[in-house]
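Two complexes are shown next, each including chain A; its partner changes from chain B in the first to chain C in the second.
And now, the complex of A and B:
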């Protein structure tokens, strides 16, 4: 956002500096290199002046105002280092330490503790307090993930303010008073926020600790790499830390356009899945009916052989590739090149039946996350962001609550953001298009003269309804002037995979087969001419025996595809199945060849979030055993099929993408390395958002070097290790980098390659009508819950316990209609199948609708959905 | 216990008085305490639901005030001061005596409190927030017995202020 405030001059410790009028003194000082100690103030929360650590002297002001609640005015003269200030700091710290247990040797925070650090730098060496300190029962769990040690708490209220202001889950608060004051939860009402881990990160002492990290490491044993979370497609920035080749934690890094330093708990703790017992360590091939371990050359030869056989017998269209939305962009590009450039098939789809067609994803005008803050209004028509894209939920909530952006909620059932909406359009699942027609009228009073774009968060709200109604709605909303879209797809790098051609009908770089044909034939030697099948089409074809070789990249396809019967028939009907995965999933167990892959944290590269922002993911540990990164597996297979990609490193792949894929023009390894907050595609529209200076924010927001109190620069921001050693380039590289910084760079991209037009969706959509619901049926809405049977959660001990129980939620009136008791089991039948499920009454569910999260429990939504139908209607019968 | 139908009406009236419904936490807590004798967990949950905050927030607010009892108390709450002046004038002895005497009496709850601002006639105590001064262990017992016998009338523990006065 543009800062249009008047600039004033202030003098801090004798140094004159400029600052916007009304800015907080503590921030002005920090931006200019003067560190004012603090505990309660946090960059991303409102100042409260609770701890008094930041007292300073201001000339002409009586007493000592806290720097965190004082705003700067013109001519202000401030002293942060006078004897009086030092005495105050000394006093505050002595008071804080009166009741502090000083159990640093057994405290997780020891070594990176703001209380330790600031006591050393600003505090007294000794305490005069000889009485008994207060005692509390040592750590009590306040949730499944977070423990509270009340003795260590210094009552800064960062955790309670985070829960209230940022997350909107005020499940913790201060209770009691005086010496007894403590952080409390309500009895039997634990701190179940999806964002609870952030409180551990912002706590300036070791009062809050995270169960997965407790006693796992000491800060000085950790090494870190900056990376992006790939658990969902928000792509939050974080610092991934390990000790002895084991991932031990992920901390949020404050990136202005993306996550503001926050992470959700699934992203924060999901790294445990990397070390799951069931990780596959060696390749396997089917021998005498069962999978047995073998060497890489053996497995790769067998895989290539399977592909070749199908190719020779039935041609390229007999081969299909599904998945690839959880890897890096470099992986995706080489999978696309293998499938489309080497094998020659367009039966390629990274999405597994629960997303939107690539035309919609690629062809709508894109919004960025910061656009939310300046929007005239936000339209929500898609998944429950709190459950599926948690930190995007935080950003939308902030835009609404803090910045006053109105929300128009278009949904079938209440979701996490419903209560913040200024207006709501309710529709039956499947009736998105008719709801979309009401949007213009509903929007007018909301906008009411506000300027800025209308940001539409668009996605599939549930997997029991096909993509069709959402596509139809998108075509209608597209006609509303000034709309920009954030397409809410869920899997970590699904956007990158689609951008790089893992979608039927598209080639890398957002071009259609037609538009890109000439260019890619020139670059790759060949490209498919016929538009291929999407995932559902592939499984249909496979179940009819028309797929000779099926390549499954990554996904746990049987649990992730909305229609279990079809996926099982498809995998079973495919002639030859090659599975590339980290674990042996249900589909993998049926594979002919299994190739173990490395996962997030074990490989470097880039990932693209839902905005189309490309950022780098770091490699922190070496994989145990023999898994290989996907891009290498793809290269090896290509080699065996007669094409040498001749790409050895991630950087080489990045440079090839920049050269070949039209939307990636100029986005080469060099730029990716330097663009601190990532690169949003297409660069031409987002060039002025590039930030090329290195990040200067420490991970723990005020770990600095305390043992250097003299001289200027008392505050040294810890420069965060951004990249692997590659960056410590030699002088000539640096010179090259200097030159590079003079963007715009010459478009040397694609030199010699024919041009290809980027795809734009015409939004001409012949909507198929949604069938009506008869009065005895309930329409199923199957969204997702953050914690489900997906691999991240299922393989993470800390999160597994949080998977909710499976139940079908309906309006209480339906329960009485069926004539059962709340909680009783009933038979639930659809056109596809029937299950016994417990029924729960919930007044928030509209009559006529049934709600059940996808992928929970052994059997569930996947057994009820037929993907060839637009909607899923179900009937309830008593078992009595 | 949940609010009785009459109190629920009153409670809704109280909520309606405030531009920010959250401001109703304290008067509602008084009302609940008047009704049940102490502030039950159910009541705090109900209050939270009525004004759209979390139960943790209600508990956080109420636990700041010692006059809200979160455990069951007797019909008579006796608050004995042991702060400086009362300490010198025999407050602790009064306290000790009463604690022993009423240890198993469900009707009477004895608590120790800070200065009641009645130092001029220390030691002092309150019975359901009614002052009694210049005490000895004997006279304190007599006073409590008079309450028990109905010779002295006690008001409700929270002072009966919920619906009317302060609310």
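And now, the complex of A and C:
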């Protein structure tokens, strides 16, 4: 956002500096290299001036104002290091330490504690306090994940302000007064926020500790790598830390365009799934009806043999590949090249029947997350962001609450952001298109002269309704001028997988088969000509016996595909099943060859988030056993099918992607290494957003910052360490470019390959009318909940307990109509099947709709949905 | 003549007192500050002093200490407080007996004996586990099969040297202070030490 404030001159400790008028003194000082100690002030929260640690002297002002609540004015002269300030700091620290227990050796914060650091740097050095300190019961759980030690709390209110201001879950607050003041939860209302882990990270002492990390390591035996979270497609930046080759925590890193330093609890604690007991360690092949462990060459030979047999007997269209949205971009590219360039099939889909068609994902004008802040309005037509993309929920909430951007909510049922909406259009599940027609009229009063784009968060709101109505709605919304779309797909790298050709009808780099044919035949030797099947089509074909070899890449299809009967029929009907996964899932147990893959944290590469932002993921630990990264498995299979990719490292693959895939032009390994906040595709439109300088980290007093400066820091000297950029300045770039052009083939921008036009969705869509609902039926809306039976949560001990109980929520009037009590079990039947479920009344659910989260419990939505139908209508019967 | 003057040295030595020690049958008294192998101490009620804080591992210049902490179960705590060291290992192939772990320990959990004669024949014996390092019920070091004990080696194990003077008492400023509530190995504060 452009800062248009007047620039004023301030003098801090004798150094003149320029700053926008009205900026906080503490921030101006920090940006110019003067560190003012603080506990309560946090860059992303409103100042409160509670801890009094940042007191400074301002000439002409009586007393000592706190730097965190004072704004700068022209000609201000500030002293942060005078004797008076020093005395005030000594006093504040002495008071803070009166009741602080000093159990640092036991405390998780010890070693990276702002209170320790600032006591050492600014404190009196000796304590005069000899009396007994305050005592409380140690530690009390305030949620399933967070423990509170009230003795250590210094009442800075960072946690309570985070919960209230940032997360919007005001579930913790201060109780009592004076020395008894403490953080409390409301009676019978635990701190069940999806963002509770952030309070642990912002706590400046060890008062809040996270259960999974508690006593697992000390700060000095951790090593860290900056990475992007791949739990969902927001791609939050974080610092992944390990001790003794074991991941122990993920801390949020403040990245302006993406996550502002916040993480959701699923992303923060999901690393535990990496160390799940049931991780597959060795490849397996089927012998005498059961899977037995074998060597890699044996398994790869068997897999290649299976593919070859189907290829020889029935041609390339008999081979299909499902999945690939959990890996890195490099994995996705080589899977796409294996399927489309080597095998020659287009039956490839990274989405598991619960997303949107690739045309919509790739063809709509894209928005970025920062666009939300400057938007004229935000239209929500998609999943419950709080459940599926939690940190995007925080960004939308911030845009609305802090920046005043109006929200138009188009949804079937209430969701996490409904209470912030300025206007709401309610529709029955499946009738998104008719709701979309009302949007223009509803939008006009909201915009009310506001400038900026209209950002549409578009996605599948539930898996019980097909993608069709959402596609129709997108076609209608696209006609509204100045709209940009954030396509809210859920899985970690689904956007990267689609960008790199793991979708029917597309080749890597956002080009269709037709547009890219010439280019990819030149680059790969061959490319498929006919558009293939999507996931549902693949399973249909497989159940009819038309798929000779089915390759499942990192997908838990039985749990994730909306229609379980079709999946089981598909896997059963496929001639030969190869499964590449980290654990033996239900579908993998039926596979003919199982190849164990490394997961997030065990491999390096890049990932693409829902904006199309590519950022690097880091490798922190070595995998236990013999799993291989996906891209190597794909290379090995290709080698056995007669094509040598000749790509050994992640960087080589990145360079090949930049050379071959049109949308990735110029995005090579070097740029990816330099771009601090990632690269948004296509680069031509987002070049000015590139940040090529490294993150600025003040050397002292930031030991609690997740990204640590290299080399020793020094106390007293406050300066910023700026690491030299990896590349030289522009002049030498040009020299390098000249040198490169002298080479026979210019690999930097794909010159020498035929051009291919990037795909743009024509949005010509004839909407099919949604079938009507009869008065005795309820229409099912099956969104997801953050904690579900997916692999991440199911393998994470800390999160497993948080999976909600399965229940069908309906309007209370429906309960009385059926004639049962609230909470009683009823038989629920659809065209597909029937289940016995407990029924709960919820006044927020509109009449005629039934809400049930997907993928919870042993049986559930997957047994009720028929993917060939647009909507899922269900009937309730009493069991009596 | 020169060959006889050489015998002169031999004759001279014959009448001097012998300084040969009959090691290992006889052992010399170790200096008070001698650094031998470690012990992990307990309180008198049997609770372990170690809280698993890893400060010893952090300060160790040879990186020979491996510690992991864990939550004390409230019903049967191993140490007082929330945390205890559930893994504690010292690799004596790497330890240089600098005693910095002893100085760093906030609870006097780790101290050094005068034992230095342990000739292990494999790595597993060289890495002392928590079970091997912990003192017995009498507060004395446990004898391991590969250690040469002739008596008295564990007499001065409990003493612990503070890096700073006991706070608040001006008389001890600048003097090294010793403590040891098990009752042995304790000495008077040393004079003339400047910190």
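Please note the rule applied: the second predicted complex is superposed on the first by the 830 of 880 C-alpha atoms of A that agree within 3 Å, B and C clash if a C-alpha of one lies under 4 Å from a C-alpha of the other, contacts with A are read in each partner's own complex, and residues count from 1 in each chain.
The rule is simple: a residue touches a chain if its C-beta (ideal position, glycine included) is under 8 Å from a C-beta of that chain, and two chains touch if they have at least 3 such contacts.
Keep in mind the model is a prediction, meaning the values are calculated, not measured.
Q: Tell me the contact category for A:133 with respect to chain B and chain C: first, second, both or neither.
A: Neither chain B nor chain C is touched by A:133.
Q: With the two structures laid over each other on chain A, which partner does A:105 touch: chain B (first), chain C (second), both, or neither?
A: Touch partner of A:105: chain C, not chain B.
Q: After lining up the shared chain so the two structures overlap, which partner does A:215 touch, if you call chain B first and chain C second: first, second, both or neither?
A: second
Q: Classify the contacts of A:176 with the two partner chains as first (chain B alone), second (chain C alone), both, or neither.
A: Only chain B; A:176 stays clear of chain C.
Q: Which positions of chain A touch chain C when the two form their complex?
A: Chain A residues touching chain C: 103, 105-106, 110-111, 130, 138-139, 214-216, 218, 220-221.
Q: Name, in rising order, each residue of chain B that touches chain A in their complex.
A: Residues of chain B touching chain A: 41, 44-45, 53-60, 63-64.
Q: Give every residue of chain C touching chain A within the complex, in rising order.
A: The contact residues of chain C facing chain A are 51-55, 57-58, 68-71, 81-83, 106-107, 168.
Q: Which bits of chain A are touching chain B when the two form their complex?
A: Interface residues on the chain A side: 169-177, 184-187, 189.
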